[in-house]
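The structure appears right after this line, and notes come after that.
Chain lettering (A, B, C and D) follows the sequence in which the chains are written, and residue indices restart at 1 in each chain.
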Amino acid sequence: VPAQVLTAGAEPLTVDDVRVRATEMLPPELSDFLAGGAGAETTLAANRRALDQVAVVPRVLSGAAAADPGAGLLGGSSRLPLAVAPMAYHRLFHPAGETAVARAAAAAGVPFVVSTLSSTSLEELAGTGGERWFQLYWLRDDRETFELVHRAEQSGCRVLMVTADVPIMGRRLRDVRNRFALPPDVRAVNLRAGARSVAHDPGAGSALAAHTQAAFHPALSWAHLERLRDRTALPIVVKGILDPADAREAAARGMDAVVVSNHGGRQLDGAVAAAAALPGIVAAAGDRCQVLLDSGIRSGTDVLRAVALGAAGVLVGRPVLWGLAAGGEAGVTQVLSLLGDGLREAMRLAGCADLAAVRQLRTTVVS
Amino acid sequence: VPAQVLTAGAEPLTVDDVRVRATEMLPPELSDFLAGGAGAETTLAANRRALDQVAVVPRVLSGAAAADPGAGLLGGSSRLPLAVAPMAYHRLFHPAGETAVARAAAAAGVPFVVSTLSSTSLEELAGTGGERWFQLYWLRDDRETFELVHRAEQSGCRVLMVTADVPIMGRRLRDVRNRFALPPDVRAVNLRAGARSVAHDPGAGSALAAHTQAAFHPALSWAHLERLRDRTALPIVVKGILDPADAREAAARGMDAVVVSNHGGRQLDGAVAAAAALPGIVAAAGDRCQVLLDSGIRSGTDVLRAVALGAAGVLVGRPVLWGLAAGGEAGVTQVLSLLGDGLREAMRLAGCADLAAVRQLRTTVVS
Amino acid sequence: VPAQVLTAGAEPLTVDDVRVRATEMLPPELSDFLAGGAGAETTLAANRRALDQVAVVPRVLSGAAAADPGAGLLGGSSRLPLAVAPMAYHRLFHPAGETAVARAAAAAGVPFVVSTLSSTSLEELAGTGGERWFQLYWLRDDRETFELVHRAEQSGCRVLMVTADVPIMGRRLRDVRNRFALPPDVRAVNLRAGARSVAHDPGAGSALAAHTQAAFHPALSWAHLERLRDRTALPIVVKGILDPADAREAAARGMDAVVVSNHGGRQLDGAVAAAAALPGIVAAAGDRCQVLLDSGIRSGTDVLRAVALGAAGVLVGRPVLWGLAAGGEAGVTQVLSLLGDGLREAMRLAGCADLAAVRQLRTTVVS
Amino acid sequence: VPAQVLTAGAEPLTVDDVRVRATEMLPPELSDFLAGGAGAETTLAANRRALDQVAVVPRVLSGAAAADPGAGLLGGSSRLPLAVAPMAYHRLFHPAGETAVARAAAAAGVPFVVSTLSSTSLEELAGTGGERWFQLYWLRDDRETFELVHRAEQSGCRVLMVTADVPIMGRRLRDVRNRFALPPDVRAVNLRAGARSVAHDPGAGSALAAHTQAAFHPALSWAHLERLRDRTALPIVVKGILDPADAREAAARGMDAVVVSNHGGRQLDGAVAAAAALPGIVAAAGDRCQVLLDSGIRSGTDVLRAVALGAAGVLVGRPVLWGLAAGGEAGVTQVLSLLGDGLREAMRLAGCADLAAVRQLRTTVVS
């Protein structure tokens, strides 16, 4: 394994190198919080395995002299077919938190998705430049929910991404065993209740699960999304779709995109791998709304695989926070460079001048 | 593996945590007797693997605010789609034996299946409250068999479950190597011959195999079940069905349910995994009789998988006895809580308000 | 693994227990000679894996009170659907050699196949009772070949089994590395050239390979078998068939049976597993000639699997010689008992009164 | 594993034995350079696994007395259906470099493919006898490119093989981590720029990647091959084809052969295994141009597998350089002997007198 022979201080060559370094630097309960999944982590492992099983069939002699991975995502443009996935509490991993990540994303020319559980305010992030999207956890209080949407619009977020797969938080055993709780200085500052100390609560499994249960709407429905559709002109993305029927629902109700995701293996353990679900979603709704893939992307080859399977792009989560933990904004920049350079290299080697060509590549599933 | 990092004294978070604790507490020959399977334990391993290979496709935005796993099982109602599987000699694992397990099941609102080889009498268990079913090993002596059925009825058992897959006992090598024998104070008290000491008998492989051979009918047939059908008004369940043709036989002869089971890998080594056989049985007879799954259930996700594959519910065996060994009645309660809480969580995360919704979930088999 | 916990001196419970004991007792070059395969031993491993992948679907409530594994093999009858496979030089493993094995087979009521490379003469084996078959390596000298056939007939062999898969001997690297050679007192006594010392010959890979090359016909064809067909009234079995077209050839030319075999992984490394090839052979020619399976049988469950896949019976090789090495005639008896008892148990547990019922069992291939 | 028991000084029996010996003798950065692949080496491993999964179904009683693996390759004849793959800088591994390899290939009667990055000149190799082909990396400078072609023709190369899968060099992490650079005395002597020192360049990943980028045409197209087709009468082979559509393109434009190859896992990590792609290519274009297989061949059985899957022959790369490193020209001869002897043995054991018979063998894919 290349990462094992990485000499101390050497430049990381892969996302896995960055992960190793971040894991060395972080307290164990934080690297567990980041790396872990729900239950027996079956789905966490399946996400990775499903990507590894996708073999791509490259083309040759296309005459392409360069590869441009520029992508049209949700009506905008991105230098890469990827966005930084919404993730809670970046300041757990580095004092510069979401600000550092947003700056690195802006520099890389890719959208940054601000989480409802951001530890930096929407307004403060407006100063980071670049394209921002807002991820919405629908709250129990509709008024506060729409206030969040309004603040997102006002602070310049260009897309709304509604998370659909967290009626409750999945039970992440590492966090429960670690009695993981937020330190006092890291809070969900965009929420009214965010200032409340989030201590370990054995009954709820973990402090975050307790918070989720208290704050988030437990019975979200398509009707909620229709109301949101009526109240905003921004493109809406539904995150957490795995069944083709739900993708068709999203398209039928005017949603602009879906994210095929099992929340990185952190919600229903036993759920189908995201990459395994992707082709069915593309077939069901890919002509009516964009399809993004989330969960397990670790290299430019993985992005190539996702696009070859029909995705318009991917969300990248844990790698970004490993980069943040390992090197702050520079670490995130490094991770995004590794992914971007890797994708460009993979496109060149697959004979693809652009993503449209990637989408034409054949794939096979290796058992 | 989460269980490996379980600190001493910590609350168990999974059935596997309970298993580890029980294994530490039990003498090796007893934990082997409980955990082991027949022959090379191929089928034992296949049961688990077949469940792990079932990937579930969750739904989102259903608007369900809660999940009710209440199940109609054999005309009654259960708070969960599960029953405690019939298992011999609970008093091997704890002095409170079947009484403790029956009380915990009653408290959890799930049926408890009394084994023919119970180490506590049917009449004594009548005092534990809750729903009880009676598992019948057809004896060589028809009169004693029907006397058992009569006692089961009189003591309040609401369902009869006839075990069909033990014409002889499978050869369980761990028990033979351990020269496993019952201690003098643990007996099959409901049988006339139960008082007989069950010593190690090298010829028969193990003491239990010898007992089985001496006491049980070696050539059970559908005709026997028809006679039972004529003599009792209780619902009858046939346990140990793996071939769709046998499920059709059961339905055609008025049986109320079948249990898809290979006896937890303890009978024919090389038999098909129970979860792999389930869909074929459901397709063959699911519209005419209920189908339960037995063998390998270890988590709420496993119950979700079984129901998504078409089962009306499951039997849970070894986990209950691990709970009993680790903590008596409280340990069983803990195991049933883990399974119930896990199932409710899984249903919420899969967007299912009830089991009917679970049954509509798509599944895929991962290789 | 059960065998790992086998206490010294304990009764072996499985063929693997016997293998472990034999391996402890034999010089390494002999246990290698017995256990090894050709090349990278890919096919050797595949044979075992293909059997492990066969899951059997048992039946219940058939009313069968006992299981009779008696088989009609090549017009005769055998107490079990198995014969002792032809193997060279039994006296390498025990001074009593083929005599001990033939006696144990006779006592178990199963045919013993005398190898052309037997280290005991055909005539001497006539005194062992029981059914004997003769395995023929066609020699370069036709006259000596037919003389062998004549001696086999005269000494009471009831069936001729012609080996078709040894135009040359496969390169078995363990033997080459061990410079394996026959000791001076072990010879192929039925061959004129058998008295010749078979020393290590680096050029030919191993002493046995050299012998094979010198003595055996290198270009056997169906025409040879037709000539044999004309010269003997005995049933003829062709051993080493893997392609359905060859099975059809055999049937068309009046052969009575074929043995689906890759020579226990000792000839073409990379050849298809025998159990994987079996169903295609049965479909192609099973109605016109008997089909036996060879390669990898280690338990009664394996015999059940083979018959469920359509075989009339199996050949058992290495287990017999492990038994011989571990305990002489008694060791062979023990191995045959383990297989027979295991098969009877498996038939009972699968609800089969006889082999015809076994042949009706469903099977599935587990990946 | 046989290689593990190889005693020091013993004759190598397999290519893996030679690999072990070469690895012991080479500096780590050189054995890494030779053995490594791109990225996570997924494709490197997949190449091997895909070959291992091909099970061959041998035939028997064909009457063949010998096996002749003679092959018609690109209008010429070869004693084996293989050619030495084009590989850069043989003098890295032994001072005799390409000269030694070409002599060994000539002695074995198989074509030797001279690399554009040969460390020995085309003209010098003309003295080695035997059949030589020339592998062309199309250069940025067309004039130099055609000059190379002219020199190849003049020096007696009989076939041109154009590499199509290197628009850029794949990122080989072992080389980057090792800061691999060419020693000053090893150069691409056939290139004008070959004299330039090729030092480690962190920006380009490795010295060779930098060289590739500087010298090779980055946007090769079918139009280039058509121009080449017009300028030479030699047969043209396109190397690096994995998509059937590209094979059809090659055939349509008058190419004489394609090499199914992923560059030994050294270019696009995540690309389909070569052996997995082979049947589709044969089906698409095998009737109009020859199809060779490259990537992963390590034994005579592998060659048999490739031909049985429809290949006219294979290229062998790393094994040849392991042989060169371990023993100079004699080492290469040994490797070619192992492959040739292994193929002849495999053909005999599969009942095939010639490659046409091999091509008729059935194959199955083992999962």
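The rule is short, and it goes like this: a contact is a pair of C-beta atoms (placed from the backbone, for glycine too) under 8 Å apart; a residue touches a chain by one contact, two chains touch by 3 or more.
The model shown is predicted, which means the values in this text are computed figures rather than measured ones.
For the self-contact between chain C and chain D, the two sides draw on mostly distinct residue numbers; the shared fraction is below half. The geometric centre of chain B is 41 Å away from that of chain C, both derived from CA atoms. Inter-chain centre distance (chain B to chain D, centres taken as mean C-alpha positions): 59 Å.
Counting partner chains per residue, chain B shows two or more touched chains at residues 367.
Under the touch rule stated earlier, the contacting chain pairs are A-B, A-D, B-C, C-D. Interface residues of chain D facing chain A in the complex, by the touch rule stated above, are 39-40, 42-43, 46, 164-165, 167-168, 170-171, 173-174, 176-177, 202, 218-225, 238, 240-243, 245-246, 249, 262, 267-273, 276-277, 367. Contacts from chain D toward chain C in the complex involve residues 2, 5-7, 10-11, 13-14, 52, 54-66, 299, 301, 304-305, 342, 345-346, 348-351, 362, 364, 366-367.
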